[in-house]
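What follows is a group of structures, each given as structure tokens.
Paired with subunit B in one complex and with subunit C in the other, subunit A is shared by the two complexes that follow.
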Partner chain A sequence: MKDGARRNYGVLYAGPTALWFTLFFAAPLGIIVLYSFLKKGLYGGVEYVFSLEAYQALINPTFAAITIRTVITSFFATLITICIALPCGYFMAKSKNQTTLLLLVIIPFWTNFLIRVYAWIAILGNNGFLNEFLRKIGFVKDYMQFLYNQEAVILVLVYMYLPYAILPLFSTIDKFDFSLLEAARDLGATKLGAITKVMLPNIKAGIYAAVLFTFIPIFGAYAVPLLVGGKDSYMLGNVIADQLTKTRNWPLASAISMVITAVTTLGVLIMMFLNKRDANRAAEERRAFADAANASLGGDASLGGDASIGSDVSMGDNKS
Partner chain B sequence: MSNAIWGPKPTSAAARHARQAYRRKFSFSQTVFIATIAFLFLPLFVLIVYSFNESKATEWTRFSLVWYEKLFFGSKDLWRAFTNSAIVAFASAATATVIGTLGAIGVNWYKFKFKPYVQAVTFLPMILPEIIIGVSLLIFFAGIKMRLGLVTIYIAHTTFNLPFVYLMVMARLDEFDYSIIEAARDLGANEIQTLTRIILPACMPGIISGFLTAVTLSLEDFVITFFVSGPGSTTLPLYVYSMIRFGVSPVINSLSVVMILGTVVLTFSLRNFLKFIAAK
Partner chain C sequence: MKGSDVTIERVSKAFGEFKALKDVGLEIKKGEFFSLLGPSGCGKTTLLRIIAGFETPDDGVVMIDGTDVLPLPPDKRHSNTVFQNYALFPHLSVYENVAFPLRIKKLPNAEIKKRVTEYLKLVELEGHAGKKPSQLSGGQKQRVAIARALINEPSVLLLDEPLSALDAKLRQHMLIELDRIHDKIGITFIYVTHDQQEALSVSDRIAVMCQGDVLQVGTPHEIYESPATDFVARFIGETNLFDATVLNAEKIKEGPSGETVLMVELDIAELGRVKVTTVDDMKSGQKVCFTIRPEKIAISTEKPSTKRSDINFLEGAVDEPIYSGFQTKFYVRISDDAVFKVIKQHANYSDEGPDIVWKDKVYISWSADDGYIVETRKS
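Showing the complex of A and B:
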């Protein structure tokens, strides 16, 4: 519809965008892929000889342990974030003052990332706010070590990425038809049962999005483990930086970057797959449910709604 | 994003009634929400309290503005870093806004060969962890022997800003009524006239919020900047980082409070400004 007799200026318009990303995004990524298969240069850099050394180094116990730790840390941080974010999103969706509640969630998020990390150091440090408080009430004499361990890293990561989970969950639950919950209760479900069996399946798309938005940045975390973690809470992001700037093993840094990129891509693909599958199944279930409800309620069309669980996760447009 | 997340909300009488019914009594979700808000605000609260504390240590001694005085009159390096940040933020946001707006218009209105490529490369940088972009750009700059400094930071920031501008303009274009363009063409407007008189004004709210988002993201970024910065190109987040890492001075507390206030004031005036534009 948009072409007709007009000249096609698409290339002219999108050219600069394409060029910029080719130069400064695709090309650098390509170089990383290439470097990960090369030999390490003597004084940093690379030698142009094909080698799998970098990937072999990834399997050695030190790096394998860090990889496993990164996965475990990301898993728990994401799990805790979602468990907190779900009730929050639910409460916000029910509320009358949605704008105010949204602002409450977003305002702390506006504060500079590093300042927020620093604030946690000021709270958890040996001379920090918390220890000061514990000393005052006579709970500890000297101090308790809260910082520079795995728990501190998870705590701060949860803090950093909570809004990333709350916002998509809120907007999904906001679209959820609460009369379905009432229907379930009328039909004898307990409150918890209604929520887990009726609401959760309907807000799956939001949960997937929340998991993705938190897991991916946490998996690539760099600054948080660096600042509040100890040597034993290093994550893959920190190893990349060390290999790049200290050890100067560029092929290894590239190979670890490839691992993170692969995990990210995999996460996106899984989410797309799950959403697509759910969209098909949910559409059928909803149709069946709506038919049944229509029959029993004498045709109240509002049940079952048409807020379909979308199947498209790509951010691009899909209309042309 | 998917419909379930951004689609319309159910507005039937039954749905509204049910939502209200589920709102009434004190609940588990309310408790969790209040605790979460307390958790989210606790660090900010601690920073604000400490910024007014006279003592250098964390123990409370006396109310004082000494750290604010030091911030505004005794921190030359900090303000130099801030100037660097501001330069990079405005330059990269401006570039990203021009390129991203044109890109969004091109992808939205036309069909062309490398369109799927443009859609992919504008989506990927948003989901890839920052460190990947930082590392790949560092290796790239080293490869083409480019000296690290404000220019490399500018390039990196434009790269991660572009997708956001693109997305916001695209969202605006998606709501656009194509018949207006057809009307303009029937009345004899050429491509440039259609662009400058119709499309750009209609997208203005998207363009402005894209630009401001870009400025904010750029001012905020630490990880990517950390990799592509060189000697003499310290930005504000990098300066804060070195303050945290090597000797914390309570100036960081007063700086935090000023930055928090700055963002709150900026964001509220921005919201009103956008509303004003939309109303016009």
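Showing the complex of A and C:
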């Protein structure tokens, strides 16, 4: 009876969250799914007639090229972000001024996203700070073209999403027991070996989180490629915007959104799968050892082993 | 002997203003169970970390079998460490933890399996190979750490307070276990601890350290029975310590190795005159420190009737008796400033006579041979 009452309360407690998710997450997603299967309205909007036109329109070389480019751009931007964030997180975790460094990582969030993109235009522009500096030291006569290409997009994307990678990495590395690195060195591992064989496996969860936190927003990036990219660095986000505002093809825009959702969901699923695989492997290993022990030692021998340390097993368990 | 000898010469290390080690020198012999004993902050762990290669000394030499190892990184030294917090790799099973050094060496799987099984057997953990460290008790984790440190067949095993995280009973058990493993493997053990009982019970020799200095090196017996300084006397076991002035010293006999044994009469402000034998040279008027262990003192309610001239008597009152089963510890007040600790073993009940209780008037006595004159360290 008591249990039943408790269960009812549980539903009650979950209610607000459920409502929140329905209103702000499931409903918009549902609308996008719905629109993607409708006919496009003449002046924007949709006609409520079922149609697969939007998805058929996706099957063309231009769209495929942009999708591939988006995947490649996101891949490299994420990779570079993680490569920078890992050492950053490491040194933050080891530093004595953690609070200050954390503050420095968070400070960019105090400024508007677009302003920060424009700051990069001010730095990289043909008359920007960087070119001015290069002219002053006589490295270039006129200017170097930094903006409006793929590299600029990746650079600014890395800058934008670096904190999202640093924070989860920092928090896992901070919990990492650095004496394990000493133990690994002591047991014969080189500096690099200690990091790859002991540190990386132990901060895997943080790496997965950092990859997701950067890859997902980067894959849907819109403002960065629009402002610092050229025509050849258009990403899926830009195509959606164009379809919504210029071509006014809402079903197509929705269908492309579905592609982004599908790819990012796939990313999450892969990460979940990796996590689960690790857990399964460990369980399997454990089972294999237990079987082997039973088979080779027989009940007798294993009993002997257990009995001799029985006292400390129970003691340790009580303590913990 | 499979072990190595370890020579430490003039090793100094400072962390900023703090001098962790001051000009330390030690000779550790092949196959020895050698303990570095001292209170926290005495530099013992720093010295161990220097031998392991985790710290570089500011000055000095560390040699293993005559080779200077200081230029070598930890992974190139033939020493392995058992860490205080075990430092087991949480992502690996017990088996893989122990196999780690062999995997680094890229040995074939069959060979790895043979050796890991052998070492897990040595620490009696055969049935736990597949478990993760988080599933083990403290004592089991410690065993894994020991197996992992030994599997590379190091010539020196460094143990950094390996038992400090275990409870008292388990610590005793593991200590015996360590001793057994040492006897079986025969390599050099360098054991860091702040627990004098641990050090006394397993070590071949002990170095007592304090504030970055080695105060005394000797067998457990030497350290306990003839402490070199007042610090050692106080740190190793319980003792009664008093400042004293030498009144007179007279030669009474030749010691077993030909040294001169002196009977010294001391003046101790709180106690009066006390007799003690020593082999050190004493001049009258010299300021020294006198110590006598609580268990060397006899306690009785009646005045002992001995005619021996080398027995010291004092009269006092029991401030507090502390009964702990196999023994009773008495705090005996001699004067306003002097309280003696006296331990009476309950070896044989019939000998005991009437119980000595609180506020009883008692006599305490000890032989001049049991007292010691120790050096006073100015720190």
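The rule we apply is simple: the second predicted complex is superposed on the first by the 250 of 320 C-alpha atoms of A that agree within 3 Å, B and C clash if a C-alpha of one lies under 4 Å from a C-alpha of the other, contacts with A are read in each partner's own complex, and residues count from 1 in each chain.
Basically, a contact is a pair of C-beta atoms (placed from the backbone, for glycine too) under 8 Å apart; a residue touches a chain by one contact, two chains touch by 3 or more.
In this text the structure is predicted, and so the values were computed from the model without any measurement.
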item	value
Touching partner for A:257 - first (subunit B), second (subunit C), both, neither	first
Partner contacting more residues of subunit A (subunit B vs subunit C)	B
First, second, both or neither for A:127, with subunit B first and subunit C second	first
Subunit B versus subunit C as contact partner of A:187, first or second or both or neither	second
First (subunit B), second (subunit C), both or neither touched by A:99	neither
Partner chain in contact with A:11 - subunit B first, subunit C second, else both or neither	first
Partner chain(s) touched by A:114 [first = subunit B, second = subunit C, both, neither]	first
Touched partner set for A:60, first subunit B, second subunit C, both or neither	neither
First (subunit B), second (subunit C), both or neither touched by A:177	both
Where subunit A meets both subunit C and subunit B, residue numbers	177, 179-180, 182, 204, 302, 305, 308-309, 311-317, 319-320
Complex contact set, residues of subunit A against subunit C	177, 179-180, 182-191, 193, 197-198, 201-202, 204, 282, 285-290, 292-293, 297, 301-302, 305-306, 308-309, 311-317, 319-320
Contact set on subunit B toward subunit A in their complex	1-10, 12-15, 17-19, 21-23, 27-30, 32-33, 36-37, 39-44, 46-47, 50, 57-59, 98-100, 102-103, 105-115, 117-133, 135-140, 142-143, 155-156, 158-159, 162, 166-167, 170, 174, 178, 185, 191, 219-220, 222-223, 227, 237, 240-241, 244-245, 248, 252-253, 255-256, 259-260, 263-264, 267
Contacting residues of subunit C [partner subunit A, same complex]	52-54, 73-75, 79-81, 83, 85, 87-91, 93, 95, 100-101, 104-105, 124-127, 129-132, 136-140, 143, 148-149, 152, 167, 169-170, 173-174
Contacting residues of subunit A [partner subunit B, same complex]	1-3, 6-18, 20-22, 24-29, 31-32, 35, 45, 84, 87-88, 90-96, 101, 104-105, 107-123, 125, 127-129, 132, 159, 162-163, 166, 168, 171-172, 174-182, 203-206, 209, 212, 216-217, 219-223, 227, 237, 240-241, 244, 250, 253-254, 257, 260-261, 264, 268, 275, 300, 302-303, 305, 307-317, 319-320
